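In structure tokens below, several structures.
There are two complexes below, and they share chain A, which is joined by chain B in the first and by chain C in the second.
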Partner chain A sequence: MNPQAIIDGLISGSTIGLGAIGLTLTYSILRFANFTHGDFLAWGAYLTLTVAGVLGGLAAGLGAPVYPFSFGWGLPLAVLGGVALTVALALGLDRILFGRLRARGADTIIIVMASFGASMALRSLLEFIFTAKPAYFTKALQIANPLGLGMRATPDQLLVIGLTLLLVLVLHLVVTRSATGRAMRAVSENPALAGVYGIDVGKVVRVTWIIGAGMACIAGVMAGLLVQIRPYMGFDLLLPLFAAAILGGIGSIPGAMLGGLIIGLAEAFAVQIVGAEWRAAVSFVILVLVLMLRPQGIFGQRGA
Partner chain B sequence: MELLAYAAFFLTIALTYAIMCLGLNVQWGQTGLFNVGIAGFVGLGAYVSAALTTPDAAERIGGFGLPIAAGWLAAMIAGGVLALLVGLLTLRMRSDYLAITTFGIAVALQLVFQNAESLTGGAFGMAFIPRPFAGLQGQSFAFNLVNLALTVAVVAVVYLLLEHLLRSPWGRALRAVREDEVAAQALGKNPVLLRIQAFALGGAIMALAGAVQAHFIGFIAPGNYLPMMTFQVWAMLIVGGSGNNRGAVLGAVLVWAIWALSGALISEVFPADQQARAASLQIVVIGVMLCLILLWRPQGILPEVRSVSRHLGRRNKDT
Partner chain C sequence: MTALALTGLHAGYDRDLPIVKGVSFTVQRGEAVCILGPNGAGKSTMIKAIAGLVPCFGGEVRLDGTDITGLASHVLVGKGMGFVPQMENIFTRLTILENLQIAAQLLPKQDRAGRIDAMFDMFPDLGSRPRELAGALSGGQRQMLAAARALLTEPRVLMLDEPSAGLSPKLVGQVFDTLRRISETGVTLVLVEQNVRAALGLTERALVLVDGQLAHDGPADALHDGRLLGELFLGHRTAEAGS
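The block that comes next holds the complex of A and B.
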């Protein structure tokens, strides 16, 4: 067993966990399994790439790598724009599709189906605009530094892990300590009662999309930075995202993160033991095991 | 003659999709179960039937040279058993767990098709799948016509069987569970059991569709069973009218026609290097169409006909 699998797992697990946060929040607050969430990751990556291209055109110095990372100041700036655009995409989709179906009192499963249709359309639209050819944020090469115990990581990869932990901590504090967070939990418990109590349910819905799409964009950029950007990247991550959200317990932010890390590690070890071609089956096996043994997930409550 | 042969070919493929649609209609239209892994069930049927009926091949296990009918039967059993297992695992829980699990099934089966080379032939797939009426293969018109007749017969059998089942007490209980689970339970129906039965029946029909299609084309590869297929079948059922078996068949032919025509249009209009890119627009159009129908005409072209029992005749028609 190569200890490098631990680092590889933590890195891909960070991306999965960050992506799963949005999924678990929409699942618990808007009450549907959102199949377009994976495509928010892919759109986030492409939108950020586009913004970075525009910024690079305005000021060439932004593209120069900042030591020790492989990218320049342009990328963090572009991420801000990418997050804003991804949030706009999610809010727009909610306004024209999901929100309308909710207002009509459509069954959960109709909304799930609409999200499935929208996901196909969004993904193919990406393929049409940017073609199926992979894109990259940076062409710079990085050398992996030894960390001891035979493990290595590039500065980019360490940054991804650190930034993920920071974001999860902040989000967790916001949701558990702030008035908005309490309102979100109230809506997830009982939307009608929360409305009667004077909570602005519409605002909670918007905040949920903002957090979910924002995290999805950052996760997409991370995946794009560490591997590559492809129209299907979000679709390929969808099953790991669902597995992480269910493993952690629907509605739990630390749960989604932990679930993501577990899935990332399991994938990394599976790649070493059974081979890379079976990687995508790992999430499925974990999903089935969770549904059989503990359907409420690690941090979930019974009956959720 | 050429055109008629093509028309027969087109209709045969469309009707194999109609069988998938009928299977989905049992799961979704009658019971309200959301299956996102249709391609997995269809592919399973195709591979099982192919493994049993192809002639012996050195590089992989299988190749028993069994008759085609045995392959079809085995495909249905495989699809039914897989659906049964998925149902047992998820149907006691929230409705969207089924969606997520079936999505996973399709991903996992796709990996098996790709990677279990000794069973499935890997990325190259399986060839030499026996075709019904292979003796006529030289005359493309006659060959396509008898195969069309065979597929029409399969669709008719599945259709009549389902129509009969849906008007039976079992079908009524299914719709009762879909409409009001608590009320059905209070009347002594077991919702979980009914759902599992309907899901297994639908899975078996989808696998049969996969087997019929594989034998008609004579060749299968993992690329045939991508999520795209799931998506097309959903679009067919929603367009045609979920809950209505005639709608399922109509939707299949209609959406397949739109698909084939737009594909032909793209290859006419776009230069060769842009065609793959333009093909993704086809999917965008179907996706948007699906969402629009869900928003504005959720019942589809042919809405579900409310029926209580065939013994009550026309009196019970909902007005």
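The block that comes next holds the complex of A and C.
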């Protein structure tokens, strides 16, 4: 077996894990499976591409690649704008759709169906605005450097893995050590009691959208940087995202990351063992096995 | 001075089927009042409506003269209202310290650590293991933590919904001893309770709620022999509010 599968798995697992963090937070705090989360990844990538285009138009030098990466300073700056716009999209969607349904006391299944409909609308809107033709952050070619043991990776790929680990560490510290994190965990356990404790649940909900949409945007940019940007890129990642969130345990940030890495590695090894056509089935098989054998996931608590 | 005043409060989960039907009473500052009544009388619904957890359809609730009708529960905490729900009144997946830290967020930063230490002094069982998960506490200790959390922000009115529910007689004694100490500090106590004997032993005044309406409002002593209470619970006597 080619050990390159390990690096391939870690790279795709990083994107899946980062995307799954937002999904798991939304699931645990707002208590519904948010199908629009995949589209936040795609919208994040397209919005960042748009901001990068605007910045490139303002200062051509920002697009020149910075060694050893394939992109220039324009992309990190554009990510800041992309994150802000994706967060605005998520908060706007909550205000006009999910928040209204919550206020009416709608059943979870109604909110899930609403998210499914909104997901289709967001995807179609992306295709309408940007067309289905793939887009790229950069067309510069990169040489994969040897890492030892027969594995190779490009600087962009190593950056994606490193940045993911850094973001997960920071988010984990925020959730476990800060007042905001304590409030999020409290709302996740019992929203009504959180109000009695003096927590503004609405504020916690907004923070959850901000973190979730921000991470989705960065995951989308990573996927777009390493492969390509397509309107369906988020939808295609939805099953791995759900599998990673459930495998790691709903509400657990390290769990979502670990789940993402396991899904990514399983997909990469499946490609080598049974063929690339079975790649998409891996997430589904893992999801079914976890739900049957350990529904609370790796870090989740039974009954949570 | 009046700490809490209800005027014609209507509340419940469905506007067409209110559970609390036009209840009026006042509680003076520093007073301890228990609310009794048969199952389904609307005691918990009323106290939750005051605490901002159940919709109010009519009437008015005032805290120290300020209209607080229908305000969200987190807003009421900041206005000096403490509430301890009957069940699930602590965060079991957070540590004891984290439970208190959340409540302490409402205080000025320089006061937080001092107030948490004060609660640990008041409840030594909690202070001896602050980093233990609250889910590992016994039923009585959970009620202590719930009370400590509510007291931490120094509420002017503390409302408790059946603090003895599900506890052994020994633990009920401990919980009521704690409530007595709290009452002695001058905090206004409003207590919904099924354990009539324990509640009447703690409070000076008792209200009896029957079918969502106030059936009795008078000194706790008047209900000690049980005959009047039995008649009220069975509906043989009504409309004695204010007697």
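Going forward, the second predicted complex is superposed on the first by the 304 of 304 C-alpha atoms of A that agree within 3 Å, B and C clash if a C-alpha of one lies under 4 Å from a C-alpha of the other, contacts with A are read in each partner's own complex, and residues count from 1 in each chain.
Here is the rule we go by: contacts are C-beta pairs under 8 Å (C-beta built on N, C-alpha and C of every residue); 3 or more make two chains touch, one makes a residue touch a chain.
Please read these numbers as outputs of a predicted model, since none were measured by experiment.
Q: Quick one: on chain A, after the overlay, do chain B and chain C clash, or do they fit? Just give me the call.
A: On the shared chain A, the partners fit.
Q: Of the two partner chains, chain B (first) and chain C (second), which one does A:I211 touch, if any: first, second, both, or neither?
A: Neither chain B nor chain C is touched by A:I211.
Q: Once the two structures are placed together by chain A, how many degrees is the angle at chain A between chain B and chain C, based on Cα centres and rounded to a multiple of 10?
A: With chain A as the vertex, the angle is 90 degrees.
Q: Contact-wise, after the overlay, does A:V201 reach chain B, chain C, both or neither (first, second, both, neither)?
A: second
Q: Counting only touches as set out at the top, which of chain B and chain C does A:A52 meet: first, second, both, neither?
A: neither
Q: More residues of chain A in touch with chain C or with chain B?
A: After superposition, B is the partner touching more of chain A.
Q: Taking the superposition on A as described, I'd like to know which of chain B and chain C A:I253 touches: first, second, both or neither.
A: Touch partners of A:I253: none, neither chain B nor chain C.
Q: Per the contact definition in the header, classify A:A183: touching chain B only (first), chain C only (second), both, or neither.
A: second
Q: Report for A:F128: first if it touches chain B alone, second if chain C alone, otherwise both or neither.
A: Touch status of A:F128: first partner only.
Q: Applying the touch criterion given at the start, work out whether A:F284 contacts chain B, chain C, both or neither, answering first, second, both or neither.
A: A:F284: touches chain B, not chain C.
Q: Can A:I109 be said to touch chain B (first), chain C (second), both, or neither?
A: first
Q: Working from the superposed arrangement, determine the closest approach of chain B to chain C, counting only CA atoms, in whole Å.
A: In this superposition, no C-alpha atom of chain B lies closer than 14 Å to one of chain C.
Q: Quick check on the output: what are the common chain A residues between the chain B footprint and the chain C footprint?
A: none
Q: Going by the contact rule set out above, which residues of chain C touch chain A in the complex?
A: Those in contact with chain A are residues 51-53, 72-74, 77-78, 83, 85, 88-94, 98-99, 101-103, 105-106, 149, 153.
Q: Which of the residues in chain B end up touching chain A in this complex?
A: Chain B reaches chain A through residues 32, 34, 36, 89-90, 93, 95-97, 99-101, 103-105, 107-108, 111, 114-115, 227-228, 231, 234-235, 238, 276-278, 280-284, 286-288, 290-291, 294-295, 298.
Q: Which of the residues in chain A come into contact with chain B in the complex?
A: 27, 32-33, 35, 97, 100-101, 106-110, 112-114, 116-125, 127-128, 131-132, 235, 238-239, 242-243, 246, 277-278, 280-281, 283-284, 287-288, 291-292, 295
Q: Which residues of chain A touch chain C in their complex?
A: It comes out as residues 179, 182-183, 185-186, 189-190, 192-201, 301, 304.
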